[in-house]
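I've put the structures underneath this note.
First chain A sits with chain B, and in the next complex the same chain sits with chain C.
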Partner chain A sequence: MLVRPSSDDLRTIAFSLGTIFHIAGVAGVVPLLWAAFGREWAPLSSFALMIGVFLIGGSLLQRHPPASKTLEWSHGMVVVAVTWITVPLIGSIPLAMSGHFGDLLDAYFDAMSGLTTTGLSLLQDLDHLAPSLNFWRHLLHFLGGQGIIIAALSLFAGGAGLTLYYGEARDEKILPSVTSTARFIWGVALVHLVFGVAALALTAWLGLGFTPGRSLFHGLMIFFAGFDTGGFAPQSTSLGYYHSALFEAVTAVLMVAGAMSFGLHFALWRAPGRRRRGEPARRSTLWSLETRSIVATFGITLVLTFIGLAALGIHDSVLGMARQGVFHVLSAHTGTGFATIGSAELATWGGLAFGGMAIAMALGGMASSTAGGVKALRVGLTVRTVRDQMREVLLPERALMSRSYRQGGRRRELTPKVSQAVMTVSLLYVALFLLGAGVGLAYGYPLEAALFESVSAGANVGLSVGLTDPSMPVLLQVVYLLQMWLGRLEFAAAFVLVGFLWAWWRGR
Partner chain B sequence: MRRPRDLLGALLGGIWVFAAEAAVAAAAIAASIVAAAIILLAF
Partner chain C sequence: MMRRALATLLLLLLWAAPAGAQEDVVAVADLLADPASFAAPAVSSITVVGELVGDYGGRDGHVWTQINDDAYAAAPLLAGGSLAGGNVGIGVRIPDGLFSIARSDTPGGYRHRGPIVRITGAWRHHDPDRGGESYLDAETMELVAHEQPLDEGLRPIPLIVGVVLGAGGVALWIDDRRRARFR
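Right, the complex of A and B next:
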């Protein structure tokens, strides 16, 4: 029998959601101040409205506090799933009022794309968008990537925060408590913010001749979109605007950093201290199954793309092909979505170049990072499972087989339960990609383009071959919205929300 | 005195981490140049 959620369940969920609304409202003060400083009065009023809705909404949700503030696993999942629907909805207010979107759905699409760190956009005339609004779009990447949830974790008691943490598909607890893990993640982001913005701004200032103020603006925007593997850019031509190999190289470093798991960040961060103390380097932590998996898939997809480009005869110089190929494969594999060429030119990359890029997008970055896609750890475990199955068939019946893998500095057992979970999520991703491709095909788009765009949306990448356009069919737009949401949450939280709503409707 | 030491630690740690990530990106770029050269030669 289905049990209908109690009023205390609803209060618990509403209370947590209220806290997240308050945090989002406070975050909205930053673009508001930016608008005030830049004397952008129309955006300023829209930011004030958005902040008001967040704060009043948050307070209303917290009007009836629950009897117990203990957040159960299902509560946390529901909060996360609802957060990723409602925060972009309210966050799209300034975008909808900007006059740069065809309708409200287009503005919501942009905000959802921002928060899920996808990077697909329906914004019209980006090059004339008010800087404060441009800043808000990129800040959404930062909020989504670092996780409003993670920020909330720092405020919740340890146990309560754990369910939110898992709900957001970050399943690697780096430090003993989730609160300290959340603080470490924020620390990593802040250190990268300082170094990343400085490197990009200096490149723009000294290398490209930008004014110091403009260098800082572009550095900040590209940092948010690069480190959080988002893909928005301040100009309509994305990274092609800068025409600079050095700028692309600095951005590549940020994309690599963004796609790295926070566990790997932690190991890297602690490495000099271990060396100072004379402790042996934990090579197994850095060179884990996940690292080997991503290095292998990056190499394979890069070679596929190069063969495709060579076959198409687009490039006649080694450096030209290497620069364009490595940047786009890196952008696709890390789930960032930056491009140095337009979507019309990208659409001409047929054959193996298309295949390499699409596979790179689908596979994605590391688990517990801001990247989307199937994730390198699942890819590694899937390959390991298939290998074990084959060995089982080939070896004598009485042979003993070790089923383990190295991850996070220790050996873990590859149990049937782990294999099953990995395979299930991987299959769900394939189904998600096929869903968008099917709808695209139904609207008459070519198979390659429909599949490419669908994978881009579902894996939260943001590279486009032109289907994502203000004139696109509404149903396809809704499907991409759903794909971005499901891809970001890696299904679990979304399924729990559906189950929760079903129990509320049909339960007793 | 703890705060300045923390800041210095974060600064040095940031330089180390950023340098390590830059080395990974540089390795990827270098490998891609070699791969591009071989593939273009083959075509």
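Right, the complex of A and C next:
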């Protein structure tokens, strides 16, 4: 029998959601101050309205606190799923008021794309957008990538936050408590923020000849979009704007850092300390199944793309092909979505180049990172499962087989339950990609373009071959919105929300 | 009304001036749709007319910037122009000597329509000497129109509503904390 959620369940969910609204409102003060200092009065008004809605909404949601502060598994999942729908809704207020979007849905699309670190955009005339609004779009990447929920955990949730943490598709607890893990994640982000922005700004200032102020602006924007594998850019020509191999290289380092799991970050951060104490380096932590998987798939997709580009004959020089090939495959595989060529040219990458890019986008980065896609650990476990199945068939019937894999410095058992879970999520991703591609095909777009754009939306990448455009059909836009949301949450929280609503409607 | 008239005047300026050179002007949208067919050395030079936007990055005796020839160059949004899709632009490399005529103009951005220039040069498509980058290598440059400062004022109603809602939110939050202490 379905049990209808009690009023205390709803109050528990509303209370947590209220906390997240308050945090989002406080985050909105940063672009408001930016607008005030830049004397950008119209954006300032819209930021004030957005902050007001976040604060009053958060306080109203917390008006009737629950009797019990315990956040159960289903509560946390619902909070996460609703957060990722409502925060972009309110966060799109300044965008909608900017005059750079055709309608409210377009503005919501951009805010959802920002928060889910996708990077597809329907903004028109980006080159004349107010810097404070541009900053807000990129800050959405940072809030979504590092997780506003992670912020809530590190500040308020304490032990009750485990379910929120997992709900946001982060499956690796690095430190004993979720709160300390959340604080570590924000610590990593802030250290990268300082060094990343400094490296990019210095490159722009000394290498590209930009003014110091503009160098800092570009450094900050590209850091947010690169480290959080988002893909928005401050200018309409994305990374192609900079015409600099050095700038691309610095950005690539940040993209890789963003696609690395926080467990791997933790291991790398602790490595110097271990060396100082004379302890042996934990090679197994660094060279885990996940690391090997992502290195292998990056290599394979890069080779495919190189062969494809060579066959297309676009480039006269090997160096040019290598630079563009490596950057774009890295951008696709990490789920960032930066490009140094226009969408019209990317659309001409047919054959193996298309295949390499699409596969790289679909596979994505590491688990517990800011990247989207199927994720390297699932790819590795899928391959391991298939290999074990084949071995089982080939070995004598009574032979004993060890089924395990190395991850996070430990050997873990590859149980049928783990294999089943991995396969299920992987298949759901395939279904998600096919959904968008099918709708695109139904509207008459070519198969390759429809599939490319769908994978880009579902895997939260943001590379585009031109389908994502202000004139796109509304239904396709809604499907991409759904794909971005589902892809970011990796399905679980979304399914729990649907189940919760069903129980509310049909339960007793 | 005044802004619309100015925008129309600029459009006329763009299309009326130097009739001889007009025939060679390439639309950036056409260039991006088939970039290889305009590439040097097969095509010695092309002419693009548009707005300089973003930054002026000075390096190696050149200035790197972006030229847009979209609808916003002729009719910026803040001057009453309508939405017309994404920007349409390409990178351009201009020798320092040529660039002096536009250096004092602020590049296009928020509250600025950048200078409108007519640039003739070679379209370097995946230039092997620059690691495969594509850009317009300027040989001549002519200033068609100076930058145009634009204005966007405060919107009092959203600001007031936002402040009232925000203050209400904070007041409720404080009240909740106070009540929680007494429970």
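Rule of thumb we're sticking to: the second predicted complex is superposed on the first by the 507 of 508 C-alpha atoms of A that agree within 3 Å, B and C clash if a C-alpha of one lies under 4 Å from a C-alpha of the other, contacts with A are read in each partner's own complex, and residues count from 1 in each chain.
Heads up, the rule we're going with is that a residue touches a chain if its C-beta (ideal position, glycine included) is under 8 Å from a C-beta of that chain, and two chains touch if they have at least 3 such contacts.
Because the structure is predicted, anything quoted here is derived from the model rather than measured.
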When both complexes are superposed, which of chain B and chain C contacts more residues belonging to chain A? C
After the superposition on A, what does A:253 contact: first (chain B), second (chain C), both or neither? first
Just chain B (first), just chain C (second), both, or neither: which does A:272 touch? first
Under the stated touch criterion, which partner chain does A:67 make contact with: chain B (first), chain C (second), both, or neither? neither
Tell me which partner A:128 touches in the superposition: chain B (first), chain C (second), both or neither. second
So, A:399: does it touch chain B (first), chain C (second), both, or neither? neither
Check the residue A:236 against both partner chains and state whether it touches chain B (first), chain C (second), both, or neither. second
Could you look at A:321 and tell me whether it touches chain B, chain C, both or neither (first, second, both, neither)? both
Which residues form the common part of the chain A surface touched by chain B and by chain C? 315-316, 319, 321
Sites on chain C touched by chain A in the complex: 32-33, 35-36, 53-59, 63-64, 66, 68, 70, 72, 76-78, 83-87, 89-91, 93, 108-113, 126-128, 130-135, 152-159, 161-166, 168-170, 172-173, 176, 180
Of all residues in chain B, which touch chain A in the complex? 10, 12-18, 20-22, 24-25, 28-29, 31-33, 35-37, 39-40, 42-43
Taking the touch rule as given, give the residues of chain A at its contact with chain B in the complex, in rising order. 187-188, 191-192, 194-196, 199, 249, 252-253, 255-257, 260, 265, 268-269, 271-272, 298-299, 302-303, 306-307, 310-311, 315-316, 318-319, 321-322, 325-326, 330
Along chain A, where are the residues that touch chain C in the complex? 22, 25, 40-42, 44-60, 62-63, 65, 97, 99-102, 123-131, 204, 207-211, 214, 218, 235-237, 240-241, 243, 245, 314-317, 319-321, 323-324, 340-342, 344-345, 469-471
